[in-house]
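Once you scroll down, you'll see the structures, which are given as structure tokens.
Both of the next two complexes hold chain A, though its partner changes from chain B to chain C.
Let's turn to the complex of A and B:
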């Protein structure tokens, strides 16, 4: 029993992360410095927020491909609400978060009400939301935000990047919800056997609606941080971020078929990817080489984990 | 009679658990050899070794005069062994002909498929199985379970099978279809085919088998000619003890009406159903497959809310639109399909037990794992679940123990009304008696139980009253005193003189 527990996916991954950190630190003296690591944490936050909620989505057996587009759309709306409508920035931020949440809710409604498979539904809204972002922005970018706004994306609190605090809080809250609450249990049950969950009187559809809304909210939050970090708003923001998030989640041991996965795993997956990207580029490896390596690591980790993860279920 | 297949001192373990120990087994041309044992006794493993799915750890397999340490599925097929599995392995989108010849289709010129010959041979095969009414061009997905099974048998015969393994072939069949299947099996036997017949149903075994082999806990208990055994001796061999009362519905005080259904209708399957259910009462629902029994349960339980009609629970009129609502009203449903509807198989006993009443083990939104585990331990003890502990994954349990977990899950909701759909399907004799005893106990404690069952002895033995459904309608209500196999059977098939239940 104890050996089996030790060979859990998360443990294998943690060992890999430590190994990668050691190897990368040996490759470049600039890698293992507090400044660099904190900066990497800053860069990781946007994908991280999305990946954490994506873990819930994938545990229910679903997928959300539209998060990158929601990020772009929310970012554009933030600029539009503030600059074009002249609203106070605080209100604009709130409204941008609402836009993202509603976009996620809309995904959830398509999936639960009309029984469209999540892959198809969010593939559709991926195009839809990006189209809205581009149509509204008319290829104009918004700049010149007030200084206090940049604290979020560029500033520090107690020596740690502001957004990293946010990521930490979201991660802890998400881990508690998924691991310890009735909501988390319903999420796992839905992903393992939706029919049995429904037959047990669980509100499967409501769970899904909430999770997809949360996914939209996380993407919008990432958008606000993104805008603050790069000081500008553009409609192509967040393109492809859905794949980075999904990679981290799957690398973290969440089953793409649902029913299995943890927040810790996702965080380890995120850290491993970010460490490889940064460490390899510091060591002088070209970025295409890095992508190849990340792909290889993803497949290898899943293979190793499958090798050890054989439960007695036929 | 020639021996077609013989196993010699075969053993097999899965993950350290011995499932077969030094078992000898053989089947001869022109005989039906019944294989009997409780779930987990090793029957499935034995037939899978013969079919080439599993390789034995030790022992030998003889086919004709050839000897094997292990068979591949291909070698088994070449050796003339075909299997008709319980979960029929057909392709629903392909036609009957395509299914029969998939993988060994006759080829014509240029190595093209010879469709005419295929269809002609499919027709011949089905006719030889006494099924001239089966269309060779119909999609298999549109066929009834009984007809699909015939297609599977035809498929076995198309490969010139000399040994046909049948794994619980009658588990999902209505009585009329069972009789037809038995006729087909007898025909195969006359042709000299050797048949290995796995079943829980003793009457079938006495009607069909020439010899019977009993396994218990992976060990061979004995192989006997059927003439030398009685039902009692077989049951004793299977469970290692005598079971005297198979259906012990104890007397319970019948209380006030708790469920009142009037003119309930849903679609084409539930039409104008009215009945009452009282505390302490077990009401059986009998009927052929497709009579609308499960649909009635699903309508009461809110999966498919009623189109019209009324339901009163404990005197209050209610509209039930979801299972959640049904649960909150005190209605529990132990479904027909345990694996799909009843359990989350990868989850533990504790997690399954708490699923329908998570609030009982939670403080606010937080689940208390200790309270959940304690609840599961209590359920395991009171229901007699045989398991390593509350943390065991339910997929690893036998059918009977899985059913107890489903029941345990619903008892945690403290229901007033318990609907049990085929409560003992696919469950071995010992566990079956335990489930029946549990139902009796619950009725005695004042629960109202609606029991849907395709097994007539079960319906007759357990029910205070029997509702017989036919074509979605209530065909008859029969009191315990008047219920005999004849009266219930007649009501089940009545009016069916002209129309065949599809």
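Let's turn to the complex of A and C:
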């Protein structure tokens, strides 16, 4: 576990991102413009928020497949609290965030109390939460939010999309927590060797509970932003977001076995994917071709990174 | 491990969805109906002011080569393959439209929005769309209009002010007329029939039935309505409901109308298995692929829907006319190549025309 080793994957990735940006900018004059880049930032915020917290989850050696469903459920609940219960929108937003956090806490409880592997537990809640979202919404959408609400998803502050500020703040806070605090150390310790961490007196279960709750909170926050961006709620919102987030995290160098990973890496992974999606589309590549390329880039990056890590560790 | 698996399984089984509440429901809704004339003369469309959007400072595109992107709900399914074929056909005919189809691989609102956003940045002249959600797609379409891009929808509408025109594949009263006309032609004008529909939570079916009632009262007053049964777009339930109708009414039952793309093939299956092909006619809304076996076996003669190739074709012509400035707010009709003149309805919609009836002769030309 050396800083050098960590830097290496991130460095490779950073070089790749720069390369991708140069190549894509050469393909289309409309790619490397301030407007387009800020707009892409807007589009990647929801996945970004989820991916940042997903980094913690995966560093502990876990995974959270239910984030997309939590997003859908929180979005539906936001609409229900506001429209059907007639609560003020501010309160409805707060309650929707609570619903997401509780859903995450529930994941954490299944995983820590009943020792269910995170993959299975969150696969279960992936279906469970989506089912609740569909059952509650009965295929009806909630629309017509007040104008101030759209500032969050469609407006901008100081020329930068509102939600991008939020993503920035969350990213900095998360990077500090993971990289510089005891909490971060405990997260790595849990993922590196859970048994050793337990015997060292770390409260591993509490760490996990908190992280899964945070994951639910991030998904709910993404839900609020998403609803504001598209101005409606639907029960199928967030379908497949979990895979986008996990892809960004893994591309960012976080080990799927736990114990290794950084927020910077995740952010670079996010940027690379978003740049590829957007740049290729602008260069005239159709969306089916784009997803093939993103899959190839993911595998290649991990391969290159592994070439530099032939030292007996994973 | 067994314990863990059991926990996961019980969690999964909880999520199998909510059980839908059953309710008594006679069929149609209470909204006003507008039945078409019995002989098919087109009704004069009610005048309604243009309620579509207007692009901000579009360049003069009249007669110019334009780049148009077609973003359907999703790609890779027969239905939207057919619409994009129609668009390509029209583009080839016109010669000055460069049309490509690119859509999400799943009917996902976010993917569709992102895709359209990228095409706005890439600077296309026109966007054709079939919305996955009428409201969610509106902000990005408005952004396209603000960028001076021509926006025309087809198949699935957005909020009217987020696009310029919408090509409407079928109106409720048109579908109703096609259903009742086919029924009367197959079983006679005084036969008894029953309806298999979905539920009261599906407004389209209620609307169609109400229009059918109004049209039949006007044009075929001797048709006997036996019963309308709910089958919730469920395959097995639809089959069972159709089976019950066959047993309950025996020889009185001359026709079954299927109101959903699930109910129609299920009803055809029930009639086939009861050995009643030829005695009980099945007519309904359905996609050709689901109905081919029954149509080929002569058990079903008419499947009512619209022609998606024509739908795409019309959308491309509407796009061209909009870009050329030939189709302006307030116009009442538009030229659409081989389809002739199409009329403007509801302010900013273009009606494709009468529904398309798939029969044994033409059903194998379609794959969706």
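Please note the rule applied: the second predicted complex is superposed on the first by the 302 of 314 C-alpha atoms of A that agree within 3 Å, B and C clash if a C-alpha of one lies under 4 Å from a C-alpha of the other, contacts with A are read in each partner's own complex, and residues count from 1 in each chain.
By our rule, a contact is a pair of C-beta atoms (placed from the backbone, for glycine too) under 8 Å apart; a residue touches a chain by one contact, two chains touch by 3 or more.
Keep in mind that this is a model prediction, so the values were computed, not measured.
Engineer: Since both structures carry chain A, what do chain B and chain C do when superposed there: clash or fit?
Structural biologist: After superposition on chain A, which the two structures share, chain B sits beside chain C with no clash.
Engineer: Using the touch definition from the top, say if A:189 reaches chain B (first), chain C (second), both or neither.
Structural biologist: After superposition on chain A, A:189 lies in contact with chain B alone.
Engineer: Touch check for A:127: first (chain B), second (chain C), both, or neither?
Structural biologist: second
Engineer: With chain A as the corner point, what is the angle to chain B and chain C based on their C-alpha centres after superposing, as a multiple of 10 degrees?
Structural biologist: Computed angle, apex chain A: 130 degrees.
Engineer: Touching A:278 in the superposition: chain B (first), chain C (second), both, neither?
Structural biologist: In the superposition, A:278 touches chain C alone.
Engineer: So, does A:199 touch the first partner chain B, the second partner chain C, both, or neither?
Structural biologist: Touch status of A:199: first partner only.
Engineer: Which of the two partners, first being chain B and second being chain C, lies in contact with A:181: first, second, both, or neither?
Structural biologist: Only chain B; A:181 stays clear of chain C.
Engineer: Touching A:113 in the superposition: chain B (first), chain C (second), both, neither?
Structural biologist: neither
Engineer: Give one of first, second, both or neither to describe whether A:237 is in contact with chain B, with chain C, with both, or with none.
Structural biologist: second
Engineer: In the superposed model, which partner reaches more residues of chain A, chain B or chain C?
Structural biologist: Answer, by number of touched residues of chain A: C.
Engineer: Aligned on chain A, what is the least Cα gap between chain B and chain C? Give it in whole Å.
Structural biologist: 15
Engineer: Would you mind writing out the residues of chain A in touch with chain B in their complex?
Structural biologist: Touch list, chain A to chain B: 180-186, 188-189, 192-193, 195-203, 259-260, 311-314.
Engineer: Within the complex, which stretch of chain A touches chain C?
Structural biologist: Residues in contact with chain C: 28, 30, 35-36, 39, 43, 110, 114-117, 120-121, 123-125, 127-132, 134-135, 138-139, 141, 143, 154, 226, 229-232, 234, 236-237, 239-240, 277-278, 281-282, 284, 286-288, 291.
Engineer: Which residues, counting only chain B, touch chain A once they are in their complex?
Structural biologist: For chain B paired with chain A, touching residues are 14-15, 303, 322-324, 326-328, 333, 335, 340-347, 351, 355-356, 358-359, 362, 365-367, 393, 395-396, 409, 413.
Engineer: Would you tell me which residues of chain C are touching chain A in their complex?
Structural biologist: 3-5, 7-8, 11-12, 14-18, 75, 100, 102-106, 108-111, 113-115, 117-119, 121-123, 133, 135-139, 201
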